[in-house]
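The structures come next, written out as structure tokens.
After this come two complexes, each holding chain A, first together with chain B and then together with chain C.
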Partner chain A sequence: MEFYEEIGNTAAILKLVGRLDSPVVKDLKNKVNDLIRQGQVNLVFDMADVDFMDSSGLGGMVAALRAVGQAGGDIKVARLQPRVRTLFELTRLHQVFQIFQDVEAAAQSF
Partner chain B sequence: MQVDGVQSLITDAIIASLPVGALAIDRQGEIILANAAASNMLGYPVDQLLGNGWGTLFLEQPANAAFNQVLLDVIWHESDRLQRTVAYTRPDGETVYLAITSSFLRDRQTVVGIVVILDDITALQNVHLKEKSWLAEKSRLHQERAEGLRRLAMAVAHQVRNPTAAIGGMAHRIQKKMGQAEAVQTYCREIHQAVTRLETIVKAVDAYVALPAAQPRWFKAAAFFQGLNQEAQQWAAAHGSPIRYRCHIQPAAIYADPTLLRLALREIIYNALENTTGPGAITLEAADHTVQLTIRVTDTGKGIAPADLPFIFDPFFTTKVAGVGMGLCLAAKIVQDLEGSITVHSQPGAGTMVAIKLPHPVET
Partner chain C sequence: MTAALCELTLTIPRDLANLHLATDIAHWICRQVYKPSLQDDLAYAVELCVSEACTNAMKHAVTTAVEDILVVGFAAWPDRLVIVVKDQGPGYDINKVPLPDFDHHPEGGYGIFIIKSMMDVIQYYQEGGFNHLQMTKFLTTTSEAAVP
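Now for the complex of A and B:
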């Protein structure tokens, strides 16, 4: 999985590319912790290019949300692929993460 | 009360009293049904399960990745009755083993939700684990014993080979030097016979310690047993034994090391032939029981005395004047190397049955 970050006015955009599964969960956590250390606690995950997630990947996102929450921030999710969106819905994570159709709307929501 | 209401009441009562756990998740991910058994297995009160989602209840616990993956696989593949056994660590820290059956429910184009049935198989799993650990320990001890025996046999064969050759050679030279003196000729002949026997023992021990590592593969059963059949017929003809030889082979193909299996069966069959004099019969049967292959060699010979039975797989154990006593020992080692078992049932005067059981995969 690859990560591309862009610091915006209202939030840091983290674009995730590839499979979000157990081998890369630690990388995601490290990335989020780095952003928190830089003072970036409002994050948008751009997930347009995430084509697979397993239980560790979803668990890693919940853990990341908890970490930024403790720092006073939040994670918004944008551009989910249909099958990934179904995962969010049937695990009820769409009630935990705010989901947006596009990255700009997600960033503006903070 | 309306009929629908009565039916609903009955359904609820059945689900509540089921010994297996039942969960239903709607299209919004909300757990809308959870019975008492599911609550006990998962370690959450029913009212904490109801109204919540899988994500907030279970997903953040890394130890339960396999448990969570069952649900995610059902969603990702829209599976029907996906079955999997996984470990699950409850909030109180206790780990249980759950057999899970889960289905993705779709009505035409609309997602309806997911049903999850849970069965706590912890007790059964613990018995299996204990049994597995006991078998592994038994196998380890056996391997250690076999390795010790192999090293000892190798050393003895090495130490005996050279002096035996020297004794034989010297006896031959003495015989030539001493002319035709009758007593000397007799002594030398006896030395020769003893040396020949020692050499046979060394060869048998060499064959035992030089067994190659098993290389299992699929091979055709009919041709394999046909070859053994021919060898047995030739042996019987050479020894003038009027023995009937029958063969009942059920599997078309066998997964094993054919060279090693042939060696083992040859020893067992020769043993049966030697023990069967007169108009006897030897029957060779092979049957595949899905995960186990059973091969039986049955003879109608003189049988084995109960006092001898515990020792027949020991090295150098023989009741024959000319035998070395390594044949059945070799067969037992091969079967062990093939991760199988060998047993003998015998009735003196009626015959003997040797059964080999080998693990056998399903042919794909």
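Now for the complex of A and C:
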């Protein structure tokens, strides 16, 4: 998985590219912790290029949400692929993360 | 008697670094053995369940066996795909695995729930020193789906 970050006025946009599963969960947690150390606690995960995710990936996102939450921030999710969104709905995590159609709306929601 | 389209057995060290070997084979069977006839959602479900089953075994099936391995078998039939994940861990009662904690959403505990939700038949048993998690998905191809 690759990560691309962009610091905006209201949030940091973290674009995730590739598969989000167990072998890369630690990378995601490290990336989010790096952003928190930089003072970036309001994050938008741009998931348009995440073509596969399993429950380990979901668990990593929950861990990331808890980490930014403890720092006073939040994570908004944008541009989920339909099959990944189905996984969010099956595990009811769509009730935990706010999900947006586009990155701009997610960033402006903070 | 109808023959299997493809049968494959993958034997790998029980290490998460090898997870994608199993999921890549699942993906390859869905895309190359069944070709475009298999619905995308169904192919995703198969790859997802292979990922869940193998991740569980790679994380939790700790063993003292000399060879700490995981065996993943695939049998692709015209009407169904059967996948069995074999490990040498202590095993568990699949009927007693609790539902995920949907109120508190912990980081883990969703895998078996996802498998049960997406696969059509789940069997769990011990045989030959291995736990077997056998998952069957009955297939609907796009061509069949198009028949009125």
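Methods note: the second predicted complex is superposed on the first by the 110 of 110 C-alpha atoms of A that agree within 3 Å, B and C clash if a C-alpha of one lies under 4 Å from a C-alpha of the other, contacts with A are read in each partner's own complex, and residues count from 1 in each chain.
Following the convention adopted for this analysis, a contact is a pair of C-beta atoms (placed from the backbone, for glycine too) under 8 Å apart; a residue touches a chain by one contact, two chains touch by 3 or more.
A quick note: this is a predicted structure, and the numbers were derived from the prediction, not measured.
Chemist: After the chain A overlay, clash or fit between chain B and chain C?
Modeler: Once chain A is superposed (C-alpha atoms), there is a clash between chain B and chain C.
Chemist: Which partner does A:Ser22 reach: the first (chain B), the second (chain C), both, or neither?
Modeler: Touch status of A:Ser22: both partners.
Chemist: Touching A:Glu89 in the superposition: chain B (first), chain C (second), both, neither?
Modeler: The answer is first: A:Glu89 touches chain B but not chain C.
Chemist: Touch test for A:Ala48: chain B only (first), chain C only (second), both, or neither?
Modeler: Neither: A:Ala48 stays clear of chain B and chain C.
Chemist: Considering only the touch criterion stated at the top, classify A:Ser56 as touching first (chain B), second (chain C), both, or neither.
Modeler: both
Chemist: Now that the structures are stacked on chain A, which of 9-17, 27-35, 81-89 or 297-305 shows chain B clashing with chain C?
Modeler: The stretch that clashes with chain C is 81-89.
Chemist: Which parts of chain A are touched by chain B and by chain C alike?
Modeler: Shared contact residues on chain A (touching chain B in one complex, chain C in the other): 22, 54-56, 58-59, 62-63, 83, 86-87, 90-93, 96.
Chemist: Going by the contact rule at the top, pick out the chain B residues touching chain A in the complex.
Modeler: 25, 27-30, 52-56, 59-62, 64-65, 68-69, 71-72, 75-76, 111, 113-114
Chemist: Provide the residue numbers of chain A that touch chain B in the complex, in ascending order.
Modeler: My answer: residues 22, 53-56, 58-59, 62-63, 66, 83, 86-96.
Chemist: Which of the residues in chain A end up touching chain C in this complex?
Modeler: Interface residues on chain A, with respect to chain C: 19, 21-23, 52, 54-56, 58-60, 62-63, 83, 86-87, 90-93, 96.
Chemist: Looking at the complex, which residues from chain C come into contact with chain A?
Modeler: By the definition above, chain C touches chain A via 16-17, 19-20, 23, 40-41, 44, 47-48, 51-52, 55, 58-59, 100, 102, 105-108, 110-111, 113-114, 117.
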